[in-house]
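Okay, so chain A shows up in both of these, paired with chain B first and chain C after.
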Partner chain A sequence: MTAVKQRLSGFDFQNMVVYIGFIAIFIFFAVTLYDDGFLTQRNLTNIFLQTAPATIMAIGLVFALSAGEIDLSFGSIVAVSALTAAVVLRDYPLIMGVAAGLGVGILIGALNGVLVAYLKLPSFLVTLATMGLFAGIARSMTDLRSVPVMNEAFTGFFGSGKLFSVPSLLIWTVVAVAIGHIFYRHTRFGAHVLATGDNPRAAQVTGIKVPRVRLYVMMICGGTAGLAGLLYAGRLQAAKYTLGESDLMTVIAAVIVGGTALNGGKGSVIGALLGSLLMGMLNNGLILMNLKVSDQMIVRGLIILLAVAVSLRDSSR
Partner chain B sequence: MAGKGIVMNSELNVLSLKNIHKAFGGIVAIQDFSLDLKAGEIVALVGDNGAGKSTLIKIISGVYTPTSGEIKLDGQEASFSDASAARSNGIEVVYQDLALADEQPVFMNMFLGRELTKPPFGLLDKARMRRESQELVDDLDVRIPSASSTISDLSGGQRQGIAIARATHWASKLVLLDEPTAALGVAETGKVEDLIASLKEKNLAILIISHSLDQVFKLSDRICVLRRGEQIGIRETAKADKNEIVSMITGVA
Partner chain C sequence: MKRYITQLAVGAALAFATSALAETVGPQGETATPSASVMVAEADLEVIRAGGHTAALLWHDQSDFVNAVTAGATDELARAGIEVVATTSAGFDAAKQRSDIETALTKNPSIILSLPLDPVTSAAAFQEARDNDVKLVFLSNLPSGYEHPADYAAIVTDDLFQMGKQAADALAASMGGKGTVGWIYHDAAYYVTNQRDNAFKTTIENDYPDISIVAEQGISDPARAEDIANAMLLRNPDIGGIYVTWAGPAEGVLAALRANGNTTTKMVTLDLSEPVALDMVRGGNVAAIVADEAYELGRAMAAAAILDLLDQDVPPFVVAPAVTVTADNVVEGWMQSLHIDAPKSVTKD
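After this line comes the complex of A and B, so read on.
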């Protein structure tokens, strides 16, 4: 009996919010937008595919937030990585483009990480600065021009391709979530990330290399942003400085709604996936409702506010 | 309780401090401190605020290096470059703030930084950590709902119990306790004191800092008094007199 009670009280309201919100919004759109084709398989698949980059960025952010850090620069990393890959792919084969795109992301993450972990600067300020810095670099890289991606292997692999009739973006999402989840929940590294965000002093006195954990989570953020950049470039068959620009709010909201604590020590990769899908569903529904872009932004802002308020409600006690 | 039935089975000192001296710049924090600790023995370190107790704990646990003096562990000369070196030599500290990760379950805290993994992929062996943690808390009679409970759901006494259980699990020689009951109520203090007393049977040497003389007299075998970094004296608890200890601490006869 007490065990059951313990289970119930341990049942995480914050993790529940994302399920409840997910189902509520789904039912709402399914009913009100039935005639507009919300429930069609094509539309639902579309939601999944469109959220793939955001979901992958969200996974990185779960690690950063859980370690007590934040990354605001991932949107800019997306653009720089996508442009780098696109430029490299003009003259070099697939593998070079992929390595360059991902490598740039991880490198920028490492820059953030070194500043945070070893110079002990607050990640909020570091990544606020690098967000601006790399947004500028993305603009200057190709003089604001968009770079087409003609490499068909690349656009298939990261965009419109299919494996056994499963869209590649879906595979990327599932694989990234699975790997992210296993690392987060079932490895010593994941445990050290959580301990570092929860109580850095406790982590340090028990022998966890706290600065290294901080460096790695920032690198993971950079890497996932780099991968998101490749997915955007693959799907759109082009890279532009605007890629990732509008993802900051969506991704942070997805992660928070998915049960990851802003102040560290607690989180969920699966929750982030659901949070991201929830945001994607919201976008999709508001477009199908034929709302003006300005109204979409207002409604989306309000709903994110509500969702975040509800999911943080009991963590501030 | 103290003083009777102590088995001084080992002639060898677990920890031996000789003429320890520590200065920070020109300020002397510890001067000429010597102490021998045997297995199964509880020694209390008492003194007013700023007497140097915490500095001494930090020297023993490898956080500070003494300016001069000799530290021997099991008769072997030892010098720890940092806290993890001391830890791998069997010295564990229960810090005043407990050093627990509040949002994590008990079993993850028990194995913090030393998580168990299983082949073939080196993933966490949560089942084994949970089981061993449960055995550990049961063995020490620390009553918690389960090894999967989150630390933030536990009471102050339970948390202290977890911190002490963790230290005893990993310590092979020496446990340092820094004000283990400072934040606890009366009933919880009693439980934690019982727990500390039970550690003697595990044949560990225990050095405890406490401000409560009642507690010191209840738990310890010997009392070591510090005043302004100076070692005033060591008394056997069974033969000591509370007033004498007080005047040693304050310097007022």
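After this line comes the complex of A and C, so read on.
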């Protein structure tokens, strides 16, 4: 009995919440929606595809939060990047559209980063301002009009195509998570990010260039948002100023549920992936349950609240 | 330069919409068929009931209007024994609308009723449903490149021209047929609002020679309505009437009128709203609200889909009537439009 208690006391429930929540909700939907197609390959693939852009944004946010920063502007960056790529692709080849879309995302991230790292402005306020700024720019870029993306290579590569029967969005998700995880867990840069978020003064003393780390994490956030914009443009075969606007809360919830601390020094890319899939699975399952739209929102809100409360329990002590 | 391009683009959109002149036309210039003529015969319902069909209602947002459309559609589908297996709201997010469609297709619905968020982004979103031969009936918008009857059964919308015209008639009546008017229109290339707004303008210009439009202001963000109205009132303090493109911004315009102590300028808007209606029944600035028959829209959408399941001809473009709601008929108007009782606040004496 004592041994069991000791084992339980060593069990890090907070870090495991996303895994437990993911499995519990999966089993619940698998049982209750067995006859409604939840477990079909098509539906499970849909969940992956639908959450791919949010997952990639979540990876960027893991880096920012782990370094003690936050980026609220990534939704606006998604729209600006998608629209930039769509406009460039009207007249230029694939590579130019991709470079323009991604480049814009990284540049906006760099702007955020410079303001945060070198002008020492709080990232919350900087990105709150740039969120509005670039939402306005996205609207004025094409006068509120949607821009179709006719380049089939682009739409295939970034959203609608398959490679050896595997959807390109699934490949993007796996590759981005793998790269993100390796950088976060197994490189010196990842360690510097965590050290900066944990205690910036101590990190500075140990020789870590804290401002540079802050600049880089904001650029990563911008870059992942830019990539998410390309994926949305590829998936919808069009770009619109509203793309990414509604992702802010979903992505933040996914990252927090996935075990990343709001105040820095701790995080998980794999957890963010599972958090994002959890959000997608909730959307999917609640629709298949044929709940009314308002009931879907209430249930989703309650589950996210529960998961976030458990995830943040320790850090609030 | 940017402003010039914007004006040019809006002008072009207006020219297109006003070319429709005295009637509502579809997104591709289709002639309108009244919704009352889209009916499913009782004998045909028996055939459908035996088919075990299902439907998904994939909306753009949540509102009283959507609730009424849903109720109309659900009741008509129920008559035919068709079960609604999924209802969603995309919250105006094109990516979520695509996800909603994919998720709903997991349940293999025979029918999808939906408002495509915009022609461009929805073309790819509905492609899988179209390829799976799901019967598609669209509310107000049409995905680019979709052809009737191969790709969809029908588009159903408000009688857009009538809504704008009835708003002009109501405002003119409240002003005694003379005076000056401000025109607050939706500054975006959106088929529904463009037609309604321009119908108002065309009617005032053609039918009311003693009324002149002295101020025109576009609006894209409803939150800015109060600022826009304040500026309009500052430049035109004696303006006799204001048209506002829909009820959301109308609430802001009403706030501006109150803040200016203006009790004489009359206002009309489109779509029902409790705060706007409350001002109307209290004898405030609001002269009338013109609403669509949302429940009838839903019923007609469902009927069009059922007729398509029966392989019967369905008109490509169907319109539901508009209703002018004033202080005198607010109870009946609310029921006719939304199929629910008017809020208690507006029915109190």
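In the analysis below, the second predicted complex is superposed on the first by the 305 of 317 C-alpha atoms of A that agree within 3 Å, B and C clash if a C-alpha of one lies under 4 Å from a C-alpha of the other, contacts with A are read in each partner's own complex, and residues count from 1 in each chain.
Please note the rule applied: a residue touches a chain if its C-beta (ideal position, glycine included) is under 8 Å from a C-beta of that chain, and two chains touch if they have at least 3 such contacts.
Keep in mind that what you see is a predicted model, and the values were worked out from it rather than measured.
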{"item": "Combined model on chain A where chain B meets chain C, clash or fit", "value": "fit"}
{"item": "Chain B versus chain C as contact partner of A:206, first or second or both or neither", "value": "first"}
{"item": "Chain B versus chain C as contact partner of A:242, first or second or both or neither", "value": "second"}
{"item": "Touching partner for A:293 - first (chain B), second (chain C), both, neither", "value": "second"}
{"item": "Chain B versus chain C as contact partner of A:142, first or second or both or neither", "value": "neither"}
{"item": "Which of chain B and chain C A:53 touches, first, second, both or neither", "value": "second"}
{"item": "First (chain B), second (chain C), both or neither touched by A:42", "value": "second"}
{"item": "Dominant toucher of chain A (residue count), chain B or chain C", "value": "C"}
{"item": "Minimum Cα separation, chain C to chain B, after superposition on A (Å)", "value": "37"}
{"item": "Doubly contacted residues of chain A, that is, touched by chain B and again by chain C", "value": "none"}
{"item": "Residue ranges of chain B touching chain A (in the complex, touch as defined)", "value": "83-84, 87, 93, 95, 97-104, 108-109, 112-115, 117, 122-124, 126, 145-146, 148-150, 153"}
{"item": "Touching residues on chain A, where the partner in the complex is chain B", "value": "2-3, 6, 9-10, 182, 185-188, 190-192, 194-195, 198-199, 201-203, 205-208, 261, 265-266"}
{"item": "Chain A - residues contacting chain C, complex", "value": "36-38, 40, 42-43, 46, 49-50, 53, 139-140, 143-148, 160, 232, 235-238, 240, 242-243, 245-246, 283-284, 287-288, 290, 292-294, 296"}
{"item": "In the complex with chain A, residue positions of chain C that touch it", "value": "2, 5-6, 9, 59, 62, 84-89, 91-96, 98-100, 102-104, 106-108, 118-121, 123-125, 144, 188-189, 220"}
